[in-house]
Amino acid sequence: MSLHLVFNTAGYEACLKRKLSDDPIILLGDGVYCATQLEGGNIHALEIDAQVRGMSLAQSKAKPIDYDAFVALTELHSPVVSWAE
Amino acid sequence: MKRMLFIISQPPYANSHNAELLEAAMVGAVFDGEVSILFRDDGVWGLMPNQHGELIGQKTFSKMLSALPTYEVDQLFACASSVEGRDLSITTSPEIGLLTTEQQAILIATQDVVIGAQR
Amino acid sequence: MKYTLAIHGAPYASQSAQHGLAFAEALLRQEHSIERIFFFHEGVYQALSTRVTPQGEEDLLAKWQTLSNHGVELAVCIAGGIKRGVINEDERKRYEKNSNSLAEHFTLVGLGQLISAINNADRYVEFSA
Amino acid sequence: MSLHLVFNTAGYEACLKRKLSDDPIILLGDGVYCATQLEGGNIHALEIDAQVRGMSLAQSKAKPIDYDAFVALTELHSPVVSWAE
Amino acid sequence: MKRMLFIISQPPYANSHNAELLEAAMVGAVFDGEVSILFRDDGVWGLMPNQHGELIGQKTFSKMLSALPTYEVDQLFACASSVEGRDLSITTSPEIGLLTTEQQAILIATQDVVIGAQR
Amino acid sequence: MKYTLAIHGAPYASQSAQHGLAFAEALLRQEHSIERIFFFHEGVYQALSTRVTPQGEEDLLAKWQTLSNHGVELAVCIAGGIKRGVINEDERKRYEKNSNSLAEHFTLVGLGQLISAINNADRYVEFSA
């Protein structure tokens, strides 16, 4: 099962069209700006990148993760696909 | 001397363009320019409160913003529909005027120069 | 008319050098004058002395330098240049680096030189990344 | 009257919303990809950038121009506003 | 050795990412990788015929493309809806397979690695 | 597990260095191994020796070099590096430039080294510009 890294909002759109429905996503960098308007589940967001930008993940469907959890997700899934536009 | 509008259209942090544009805007004001700044599209993310650039070893953009009035840069505007489309609470300090796209067109048309093409 | 130009993109990451160069050449052909060309954001990489143009591609660095031979000032944002690694001999000494990296015919200048060039010109044209 | 330089398709969208209706536009770089789906008039396209990309301007509303005409348009209009996203 | 998918999502010429990705794809094939390339979104502009990079002193992207089969890179695909949305005639040499987004999802899911995050 | 990482963005133009560094540090903490970190596209600018970090900001170049001290290979795409101006001493001589510009602990390598690192690793993770 693939893991999708989403680096910005346009990347999120491109990814959503081309992922299998159960594939997990990690939002990082400007990708965390998507956190308030997510569809579907199994979505994670790099908490430090959200904090940097003043984004709260509290009301979001995205699960806050740190780099150790990020690494753990890459262990579980392959390929790791990066999306940025 | 000149009416200068700086346009910020990208979010802060992924790159340093926004910080560099604010520096240019401050220098513009020091040189007696009549400086305005417009935040549009993804640029309005820069107006969020509670930013913490220090967490990734960068300057905090919202702090740079709040220093602008000290440099006599106080004509700050944001695209109203860009703000609404993002369901975003924007900072109240410094004060930001919300403009329709028609008002932005007039703001642009009345400048001597417009600075800030980003990508 | 007097023009100030700004270049915002790095070579190979944008077409801004090609656009800026061809526009500047057209200005000179039409006997306009160029107050200053300002390299800002990733545009500072245009001034890196160590780059080597691939065979069969246009040597943009040489074209900038030719423009300078026609009296056009090539000014690199000093703050943006230093942090990205475009430094002259003075900055090399100040920061104790092994070498400088600013190509000949370019100078490092402060943002005040962007603003004063804008103030002194009739037009300001920006070439985006 | 302003002159708008449009460097890519997203820049075209952003420009269109914020220009006065009579303002001229120049499409250049990846902006020439907009040439087939233009609204309104007074739109120019840098011909060399279209040729590089294999875009024909024949069926387009955009008028092909060279750098000399580009310069002439900047003489006539101020400010010159660049749009790229 | 590995199944490698290269994704091209930006137009050619403004930057050299696409040319660099094609070079990496060719090297992948030389190293016996099972290489595919997918053009999506603005990347499909690279499939236009009659390109002339030499006019701005660059290599012509469409010529690089047509050399791919020589390097045994012949699994070339494009996103059908990206092509349709742009009302675009695409090159017939090399041959490009059009894929629905569902087919693209399966193409991606069956790879060992995916290469080509651009911006 | 064995990882190969790729960095696609320049410093100050992207967050890819911060992402790649923090990810690599987490890998080492968890006793994974890193086959190679490959600097591609504008990522080659990460290896420019002349850059000077602004006061109060993170020194990314030093952090890459620390990673190298933990045995991680920092490999810069040679074709992408040379054309952008990131050259080692051999290339300086070959192209008769005044100075080299590749920071210590980085090496210039061909694209074959990207592919072989991918082949030798269990995972390939790319940090976009």
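Which chain is which? They are A, B, C, D, E and F, in the order written, and residues in each are numbered from 1.
Criterion: a residue touches a chain if its C-beta (ideal position, glycine included) is under 8 Å from a C-beta of that chain, and two chains touch if they have at least 3 such contacts.
What you see is a predicted model; the values in this text were computed from it and never measured.
Top-ranked chain pair, ordered by C-beta pairs in contact, is C-F.
The geometric centre of chain A is 27 Å away from that of chain B, both derived from CA atoms. Averaging C-alpha coordinates per chain places the centre of chain D 38 Å away from that of chain F.
Within chain D, the positions touching two or more other chains are listed as 5, 7-8, 29, 49, 78-80, 82-84. Among all residues of chain F, those that touch two or more other chains are 12-15, 41, 79-80, 83, 124, 126-129.
In chain B, 13-14, 16, 56, 58, 113, 117-119 are the positions where the chain touches two or more neighbouring chains simultaneously. Under the touch rule stated earlier, the contacting chain pairs are A-B, A-E, A-F, B-C, B-D, B-F, C-D, C-E, C-F, D-E, E-F. Here chain D touches chain C in the complex through residues 5, 7, 11, 28-29, 49, 67-68, 70-71, 74-75, 78-80, 82-84, going by the rule given at the top.
The touching residues of chain B, counted against chain D in their complex, run 5, 9-10, 40-41, 101, 104-106, 108-109, 111-114, 117-119. For chain E in complex with chain C, the residues that touch the partner chain are 13-16, 56-59.
Contact residues on chain F toward chain C in their complex (touch as defined above): 10-13, 41-42, 45, 48-54, 79-80, 82-87, 91-92, 95, 97-101. Every residue of chain B that touches chain A in the complex is listed here, in rising order: 11-14, 42, 45, 48-53, 55-56, 58, 62, 86-87.
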